[in-house]
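Here's the structure, in structure tokens; my notes come after.
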Amino acid sequence: MVDLGELYQQTILDHNRNPRNFRRLETANRTAEGSNPLCGDRIHLFVHVDGDTITDIGFQMPQGAGCAISKASASLMTDAVKGKSIAAAEEMFQAFRDMLAGGTNAPGKLAAFSGVRAFPSRIKCANLAWHALHAALQNSAAPVTTESAGDF
Amino acid sequence: MVDLGELYQQTILDHNRNPRNFRRLETANRTAEGSNPLCGDRIHLFVHVDGDTITDIGFQMPQGAGCAISKASASLMTDAVKGKSIAAAEEMFQAFRDMLAGGTNAPGKLAAFSGVRAFPSRIKCANLAWHALHAALQNSAAPVTTESAGDF
Amino acid sequence: MLETQKLRRDFPILERQENGKRLVYLDNAATSQKPRKVLEAIEHYYRCHNANVHRGAYGLAVEATDAYEAARTTVARFVNAWTREAVVFTRGTTESINLVAGSWGRANVQRGDSVVVTAMDHHSNIVPWQILCQEKGAKLRMVEITADGRIDLADYGKALDAKPKLVAFPYVSNSLGTVNPAAQLSKLAHAAGAVTVVDGAQSTPHLRVDVQALDCDFYAFSGHKMLAPMGSGALVAKPALLDAMPPYHGGGEMIERVWDDRSTWNKVPHKFEGGTPNVEAAVGLEAAIAYLEHLGMDRVAEHEQELARVAIERLSQIEGVTIYGPRDHRAGVVPFTYGDVHPHDLATILDRDGVCIRAGHHCTQPLMRRLGVAATARASFYIYNDVDDVDVLVSAVRKAGELFGVPA
Amino acid sequence: MLETQKLRRDFPILERQENGKRLVYLDNAATSQKPRKVLEAIEHYYRCHNANVHRGAYGLAVEATDAYEAARTTVARFVNAWTREAVVFTRGTTESINLVAGSWGRANVQRGDSVVVTAMDHHSNIVPWQILCQEKGAKLRMVEITADGRIDLADYGKALDAKPKLVAFPYVSNSLGTVNPAAQLSKLAHAAGAVTVVDGAQSTPHLRVDVQALDCDFYAFSGHKMLAPMGSGALVAKPALLDAMPPYHGGGEMIERVWDDRSTWNKVPHKFEGGTPNVEAAVGLEAAIAYLEHLGMDRVAEHEQELARVAIERLSQIEGVTIYGPRDHRAGVVPFTYGDVHPHDLATILDRDGVCIRAGHHCTQPLMRRLGVAATARASFYIYNDVDDVDVLVSAVRKAGELFGVPA
């Protein structure tokens, strides 16, 4: 059996306690709202894109609405994509999803979420921020939810 | 096991083939419509009541809508109650129901239906005409159906 | 033909007797019997994985959710649905059609519009449209049937001339056995600008269904007629239509956010699955599909059609027997009458020989009126029936004739 | 207290492990586990009596019909319904409430009317009324709760001043455990001229219900929360109301006569049971009721209340734990939060110790907003739980605190 420590790796606990980029971005030119309708977790994502580059990014979660996994994932995601090109960010999203679907680890600190694989009920939590990022980059207006087929 | 001959006694087969009082009664002052909604069987009953006495009675069933049991029962019922008082007719109905519910045989030719007891799915057929009679004598306007709790 | 002797051993109920005789169950159009594998799937679910789905963080709940969603994928594949989200689990055909009438119908049908059904439709594909049309002040148009029991294409064309909003018809008639040219009917209806609702209650259990080939908009079926538990079934619909439709049942699971006075909806198909879903039903339906696919739906269809052919041939040899429905393009449903012996009496007499058939209007009163009968007797076959069953049926019918002195 | 060690042996799933630990199933408010007797009743039905009901002349069909109607009588007795015809079988609470909203509601609620629900209602007793009110241009009024998690009677009185057409409330709250004074609430609503809808999803499984004593007009519950199969449940209603209501689902079984363009309806309760009924569900529900009655509903209630009392006592001793809901008048539902550990994380951590609890909004988002939380953790007890289970729960919660460093 996979140990709880695999899921709640120190990086995750740390980012949960002290989330990075946890702020509203007044200069954002792309935003998205994401929600996990089944648990009520919600994220607001603010992105500033300059040409092809994500120059700044921030997120907020309503009071109490964000488990350790979803909050840490948002925190690490924002750190990872800041300063990257849109294409690079989308690639990271793909790598992240692949990891959670049972594939090889995503690069860098994102690998901290490899333990989520053994906790299927939490995969949506880990993906939430990334789905929102994807929506923001596509500039899709509709709020995204994690309630899509691929996530079962 | 109860033999089919118990159900389809000669009296029943005979009344099915040659139903008595199988006619519309132009002079009727009480009428009722009965139906078994689950099989579609239907009866129209015409009664002439003079004071307290059933002086004449007739019934019709739409083309093809009446199994041997329901048709023979209507035929024998009309024969049995003709010339009787309303109270006597209601008593016969009670005796008939009691018989079908597992009690002792009803008087006279009505006993021909004792075999129906062993065929629960046909009890409603045997009761249909009697329910219609009861409704006509109560002068209740609503069409009756056999789909009532007591008949299960 | 299928190896019925072997198959029967999978169906525990077929070991029981009916009135001291071997049970010859010929009421499969009403409901089917269940193979051991389906009963085991139900039991296994409750013994090992039972939990409420979609909302649990613990292992059991994940397993139940996975089982439920895997069943959806299986159903989608079985009828070749557009996507797995095109499958909305319901209690069965009746609920599926009421969902379409209550959601799509209420949102799209207006005063003066017309809705088309056929004279061979089951009450479940008539009454919801009557209620909708009465509520909306729309007109319900019933397409006539031909003398040999097919949808009258000339009359169908006339009905389409009125540019109906919606056209509903059965793929296979439960009272005649007619297999309707559903793809053609759907195409004609689309050309007239209508959406189509196909009642698949009698097709899904008995032949290979491909909703994309039919190109219908809504397809409804019941699990209990195809080896699956009661309470199982689905509405399969084009995803874009489902997306645009208002919800049906309000409640848990179908919402995204609930405010005091308004709510937003979850994604399709969840939007239409308010309340705790019936996971047992989904799991049982999946097991039933596995059983049927193992046999092969083409072989299933062939088997039943052959039984119907033999039954029609042998029953026709009895003087006084009338068979209803077309000569060809028919499924394993054989409706008949016998002189003036009422079908109820026939059913009772057959039951004494262990033969279970249905007698009545088969929930198709408008059709019965057109056939000019109050009721018919109906034998309907499934995978566990064989020619022996047909023989028992035929000799029991002859016996009824003797008892009633038919032909007179 | 009940003899849980003995009872557990009746529940096969409790022999399985969750993450290598004894399964401590504490999500009973979501759905219950099933005793062997219920699984056997299902299997026995399919092995021996399965047929479509109400329309068959043969023996099997009579047996299935008898089983189905006997279950109705049992349900009627269990909740002390007015008559057996007062029991309409549905898929569960959500469907029952939607039936009332779709039939009684559509026929009786008009523009400018008001409908009252409470802030502690489940989405299934809110969303159908939102949809109805939006459709009709009526006003939905949500009654506030008190600080300790009861219906605010002062606000309830104010809501009644507007002479609402209908008042809906839960007998027992699934998110707070509050046992509401349903008879009193119903009486007040009647005095204001309203009909009452009682959501019995959390009361029927857990305490003795007497709908005549409550004198409510509609009472809804789900079988799957009370040992019965998924897909079982009922709407229990005053017969005169049911008689006057238009039908809900159109289809087979619910009609008397069907013409091309209109129909007449079968008697109550059949008028509301369009389509093939789920006999399995009814038979399973009857077996579940027999099981519960054998234990005695008063003892069931007492057992769960005692477990809740112990759980609240022990959880309260952990610094940082907050318990929601009133001190007394509560059922076996214990909602809590623990510092800033998100309930989802709690649930995951508890699951590693075999403890299944629910984390989330529990389909009560308006309530969560009033509690000022996004989610809570919820342990809910049933007959097979005992104080050992409470202890496992409490020590798993402590473990979560250590992992997350709470209290900080």
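The letters A, B, C and D name the chains in turn, as written, and every chain counts its residues from 1.
Simple rule for what comes next: contacts are C-beta pairs under 8 Å (C-beta built on N, C-alpha and C of every residue); 3 or more make two chains touch, one makes a residue touch a chain.
Because the structure is a prediction, the values reported are computed rather than measured.
Asks: Give me the fewest steps it takes to get from subunit A to subunit D if each step has to go to a chain it touches.
Replies: Contact-graph shortest path, subunit A to subunit D, evaluates to 1.
Asks: Looking at B-C and A-C, which one has the bigger number of contacting C-beta pairs?
Replies: B-C
Asks: For subunit B versus subunit C, what separation do you get between their C-alpha means, in angstrom?
Replies: 36
Asks: For subunit A versus subunit B, what separation do you get between their C-alpha means, in angstrom?
Replies: 75
Asks: Determine the centre-to-centre distance between subunit A and subunit C, using the mean Cα coordinates as centres, and give it in whole Å.
Replies: Computed value for the inter-centroid distance: 45 Å.
Asks: What is the distance in Å between the mean C-alpha positions of subunit C and subunit D?
Replies: Each chain's C-alpha centroid was found; their separation is 31 Å.
Asks: In subunit B, which residues are in touch with two or more of the other chains?
Replies: Within subunit B, residues 38-39, 121-122 contact more than one other chain.
Asks: Which residues belonging to subunit D are in contact with no fewer than two other chains?
Replies: Residues 19, 55-59, 61, 255, 257, 344, 348, 359-360, 365 of subunit D each touch two or more of the other chains.
Asks: Mind listing the subunit D positions that touch subunit A in their complex?
Replies: It comes out as residues 19-20, 340-345, 348-349, 352, 359-361, 365, 368, 372-375, 403-405.
Asks: Write out the stretch or stretches of subunit D touching subunit B in their complex.
Replies: 54-59, 61-62, 65-66, 69, 83-85, 255-257, 266-267, 270
Asks: Please give the residue numbers of subunit A that touch subunit D in the complex, ascending.
Replies: Per the stated touch rule, the residues are 1, 4, 7-8, 13, 38-42, 62-69, 71, 119, 121-122, 125.
Asks: Over in the complex, which subunit B residues touch subunit D? Could you list them?
Replies: These residues of subunit B touch subunit D: 35, 37-39, 120-122, 145, 147-149, 152.
Asks: Subunit C touches which residues of subunit D in the complex?
Replies: Contact set of subunit D toward subunit C: 12-13, 16, 18-19, 23, 25, 27, 30-31, 33-34, 39, 42-43, 46-48, 50-52, 55-61, 91-95, 97-98, 101-102, 119, 122-124, 126-131, 133-134, 140, 142, 222, 224, 229-231, 247-255, 257-263, 274-281, 344, 347-348, 350-351, 355-360, 363, 365-366.
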